[in-house]
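In what follows, a structure is listed as structure tokens, so that the remarks can point back to it.
Lettered A, B, C, D, E and F in written order, each chain numbered from 1.
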Amino acid sequence: MATPVTNRRRSRASRAGSWIGRFPAGRLARMTTPSISRFPVPKLEDLPEDVRARIVEVQEKAGFVPNVFLTLAHRPAEFRAFFAYHDALMLKEGNLSKAEREMIVVATSGANDCVYCIVAHGAILRVYAKNPFIADQVAANYRKSDTTPRQKAMLAFALKVAQKSAEIVDEDFDALRAHGFTDEDIWDIGAIAAFFALSNRMANMISMRPNDEFFLLGRLPKSK
Amino acid sequence: MATPVTNRRRSRASRAGSWIGRFPAGRLARMTTPSISRFPVPKLEDLPEDVRARIVEVQEKAGFVPNVFLTLAHRPAEFRAFFAYHDALMLKEGNLSKAEREMIVVATSGANDCVYCIVAHGAILRVYAKNPFIADQVAANYRKSDTTPRQKAMLAFALKVAQKSAEIVDEDFDALRAHGFTDEDIWDIGAIAAFFALSNRMANMISMRPNDEFFLLGRLPKSK
Amino acid sequence: MATPVTNRRRSRASRAGSWIGRFPAGRLARMTTPSISRFPVPKLEDLPEDVRARIVEVQEKAGFVPNVFLTLAHRPAEFRAFFAYHDALMLKEGNLSKAEREMIVVATSGANDCVYCIVAHGAILRVYAKNPFIADQVAANYRKSDTTPRQKAMLAFALKVAQKSAEIVDEDFDALRAHGFTDEDIWDIGAIAAFFALSNRMANMISMRPNDEFFLLGRLPKSK
Amino acid sequence: MATPVTNRRRSRASRAGSWIGRFPAGRLARMTTPSISRFPVPKLEDLPEDVRARIVEVQEKAGFVPNVFLTLAHRPAEFRAFFAYHDALMLKEGNLSKAEREMIVVATSGANDCVYCIVAHGAILRVYAKNPFIADQVAANYRKSDTTPRQKAMLAFALKVAQKSAEIVDEDFDALRAHGFTDEDIWDIGAIAAFFALSNRMANMISMRPNDEFFLLGRLPKSK
Amino acid sequence: MATPVTNRRRSRASRAGSWIGRFPAGRLARMTTPSISRFPVPKLEDLPEDVRARIVEVQEKAGFVPNVFLTLAHRPAEFRAFFAYHDALMLKEGNLSKAEREMIVVATSGANDCVYCIVAHGAILRVYAKNPFIADQVAANYRKSDTTPRQKAMLAFALKVAQKSAEIVDEDFDALRAHGFTDEDIWDIGAIAAFFALSNRMANMISMRPNDEFFLLGRLPKSK
Amino acid sequence: MATPVTNRRRSRASRAGSWIGRFPAGRLARMTTPSISRFPVPKLEDLPEDVRARIVEVQEKAGFVPNVFLTLAHRPAEFRAFFAYHDALMLKEGNLSKAEREMIVVATSGANDCVYCIVAHGAILRVYAKNPFIADQVAANYRKSDTTPRQKAMLAFALKVAQKSAEIVDEDFDALRAHGFTDEDIWDIGAIAAFFALSNRMANMISMRPNDEFFLLGRLPKSK
């Protein structure tokens, strides 16, 4: 089986190269490939087969490997649990649209000042919402975003879970029910906020760097 | 196969009965079995086999089923990922003792005002540390706890991950290395704090109630 | 007259000895008697007669001398005022039950992260409420405690006095009156919260250590 | 014996009258005597003899009765303990000057947004320090006040006791010792901050109003 | 043309001299002229003509030169924009009285702990309101100030702009409209709070010192 | 003279049209032109000549009129002062590069959750820095941005001015001097942070919406 990401550093440098080549050297222009984690990033060929397969799969689908896969693969057992949890929340059936789930991720990651999650999930949100503006709005202040009152209520609850979960009371559930959310929807909202409380902290601790690709993804009309 | 927890409500009531029976009825004395979650708690016989097996196993080992198993079983896929993550962090080999890992849980759960995690993991900490005082100290203020300077440094980092992870800088890593922690130890510390950021938020959202057993566990010399 | 606490260090060690003896030496097991204050603790025989009498009285009643008496006796004039204030609030007639007054102490001490007051008054609360669970609940998060809506309103006001008293407005009084509290009850609630704002800060400053006895008190059915 | 404050409302109105008379009626000009407490203020003749004696004494000395005496007299037992505590801290011998003790009161009352204590103790600070500027500076931001580095260290510790006492560690004591403070001085500093944590909360809860006299006291060269 | 403030240090010393002379030398008594800024304060004759003219004008009107003029003159272009902005907000026509505008300044400066603005604008507020008490009340806690419910609503909005402007929602506008404020009034309130967010930060950064004159201004019946 | 922006709403809709046209109608897709301010936006022909000239000038230079010009033109006197202040700080000579000044704007606007300023100045930062990644990094967490240690020190000071300016002490100046900043540079840094404290609050209060153009600007290699 091929191992398409054997040399992460080279492939990233070549992807970013077009930028560096076209810009005259500004003082901030990147001369070397920046680290994507404070911890060692494993080589693809050194990973357990299932972890590697997951990474190859995402690369084939997305065209690149999001750094969260490469950096968390440093601990395969945690990697497996992390993505199993992620998939259980983000890929499950339910009343929340995919874009709405990503709104929750972006809003709470903004509250937690997590560069990786804001940038990476901001890109996914733009794609799912087919809206190039929504992610930057929600990351900064959902109250000023192009979202519906129902979505604003959803994000208010998600931020309460993210920031002061001990203060959640029955009235918070009632407020969501008044917008038509079922209790299962509320679990989804809260659980996504809770899972990214974990994800944001891991990314901040290991200083996970977003892939260059995410910054532009979903911003151009032609992008998928 | 036997299903030893088929009737959660009855079994809990009988366990707590000794208390209620012996106390004259104070104004706070519990007359009814309190809810252990805002969400439905599945019956054991309705659960997927692997989830049920895990629950039976913990009951046989602990003598009762901690409510985190019953309440999170409402979502089997999330249940599996949650405990896989938990085990990957709490049962793995490493330089942190089991008591130290529980200290991290108790300190960060204290910061997040999570009744379930403070009480349940406080019990586990008492047992592992063979110390009936440590959990209440660490839950309230690790600076005033019977811990070593090395453990206090560990808890300071864990609380920074729990409360302001965006401000983690290289100097925080240096401070732990000065106490002899390896980078893998630091990942363990931060990842446990991050995982319980998730766990605390879930418990707060669903209003998870600690089992009566936890309150006393590890407080008496003869207790295991 | 006998001076039953002449040698504080020895007597504490012997009280705690049963624990240490029965536990195999864990890494956290206590080898030496820990300090109960950052400041000198006077010998009983060196104290003014009235201060000594108060201490002897409490020992005869409780079976041990809570460390708050020993540590604050370092300053007899302040000791007298402190306990006069305490008694004026905690022993007076009024509509608040003794358990309810201790709930206020435990909830606000939890907010102030005061190990001594959480542990010592948690014990007293368990005894008064004849409830082994209530103190740990209230210390962590009163919203998730086995208390009535009226008691939760009481604790919400107490915490507002403890944490942002400048924001108290007439509406806060109205909310309590709606639960049947009189204005004198409200003074009681606020004054207890205010007094323990003092007490918590003193305990935190001098690093007052709770007696070992408090950790278990009120947790067993047979305990008084 | 004369009861010089039998009619609080009238006497206050007459004291304030000079102001109202001389100002043309601005829209904020006071037309009625404002309440000095949310709770009933007792008449002097209804008070226990010792409480009344204390009030008469302060009136003779200061020329008016500070409202803290009148409003707290609503609860004589608490009144006695409050002023016994106050006197034990503020009138005792020690290395802190009277002005320095008042600085602590003003700085921590500023942090607690307590109108009564800022205004009343600001006046006392001006008088003791013989400095018409110091109180307004310290109430707003001690870092910008005309105080010595030693006094700024004292105020930093007092504010830590007032605002985050759980975080006090041995290094905080060392920092004060480096400025020549003894451990007894440190107790004084911390205890004053702790006592006014109580006082500020009581004043905020009952909405204690500062006497008009305090606003100008100590601002004019000739004032006592 | 005369340059009446050519020697700032001397003139300030002589103004303050009466105080120093009349007070026996307390330990806080000022022996030297304190700095009014961390940055150089230009001499009047070195300033551009328009800046100098503005300063001369204010001196003739007020009898002294507020230090904000002297300290900000270090940067003439910013000086011009600052006072143009100030005048556009504070001198314009509108429904807010001059005293109300200064209330906004004092309340938000209190929240930002800005010594200069609290003291200087507190003086102006006393003069405009013809009320010697209002400024100290509003600086500490507007909820306890002698203001109308309408003014308290105004100050609540101003403080929200000052402290958590991202959370402003349409309901905040509705609350002000319910008190009769027009949308133009609301812009005025918010813009004054926003402008002093700038002003407070500049004053805090450069450590701007209030003139001695401001402390007493508007406190005596005869003062204008 | 031509008035190129006479019909703001139409022109914005047509600019955004390409997006809306090419995306299949997602649930978030914009059907109507959103408001750019809570307050009326003046027509260009109704503005004073100097204000209009400024707007025409910026349109000719940028190709569109940033909404800050249109929304603040509601108050011409404030508009003039605002942009005079802006230009005095952002266009002046000095040691800070244009990109560094915009970093300060983006970092402090991120701290203030100001959607307009993050998006608009993020675009300008990308252009000046010739770096498509820098703005999203700095808005979320400057510690994880591709900036030099010197720039990180600059941003730490700017954020202290933005968030807790009262705590600025001489040591903060020393820390910047250690990186080679002059005192004039420090004024620049602090004044830019202070000015955008004003700007962020105005934008949040009026709910200023960023132009669609800003979201993409500076993200593509060919863009200037």
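Here is the rule we use: a contact is a pair of C-beta atoms (placed from the backbone, for glycine too) under 8 Å apart; a residue touches a chain by one contact, two chains touch by 3 or more.
Bear in mind the structure is a predicted one, so any value in this text is a computation, not a measurement.
In summary, the chains found to touch both chain B and chain D are C, F. Just to note, of A-C and A-B, the chains joined by more C-beta pairs in contact are A-B.
Rounded to whole angstrom, the centroid-to-centroid distance between chain A and chain D, based on C-alpha atoms, equals 53 Å. Rounded to a whole number, the gap between the C-alpha centres of chain C and chain E is 46 angstrom.
Work out the mean CA point of chain C and of chain D, and you get 28 Å between them. Shown for chain E are the residues in touch with two or more other chains, namely 113-114, 141, 144, 166, 204, 207.
Remark: the chains found to touch one another pair up as A-B, A-C, A-E, A-F, B-C, B-D, B-F, C-D, C-E, D-E, D-F, E-F. Chain contact summary for the complex, chain F toward chain D: residues 166-167, 169. Interface residues of chain B facing chain A in the complex, by the touch rule stated above, are 38-39, 74-75, 77-78, 80-82, 84-85, 88-89, 92, 112-114, 161-162, 165-166, 168, 170, 173, 183, 187, 190-191, 193-195, 197-202, 204-207. Within the complex formed with chain E, the chain A residues making contact are 141, 143.
Residue ranges on chain B touching chain C, taken from their complex, read 18-19, 22-24, 26-30, 34, 97, 99, 110, 113-115, 118-119, 122, 128-134, 136-137, 139-141, 144-147, 204, 207, 209, 212, 215-216, 219-222.
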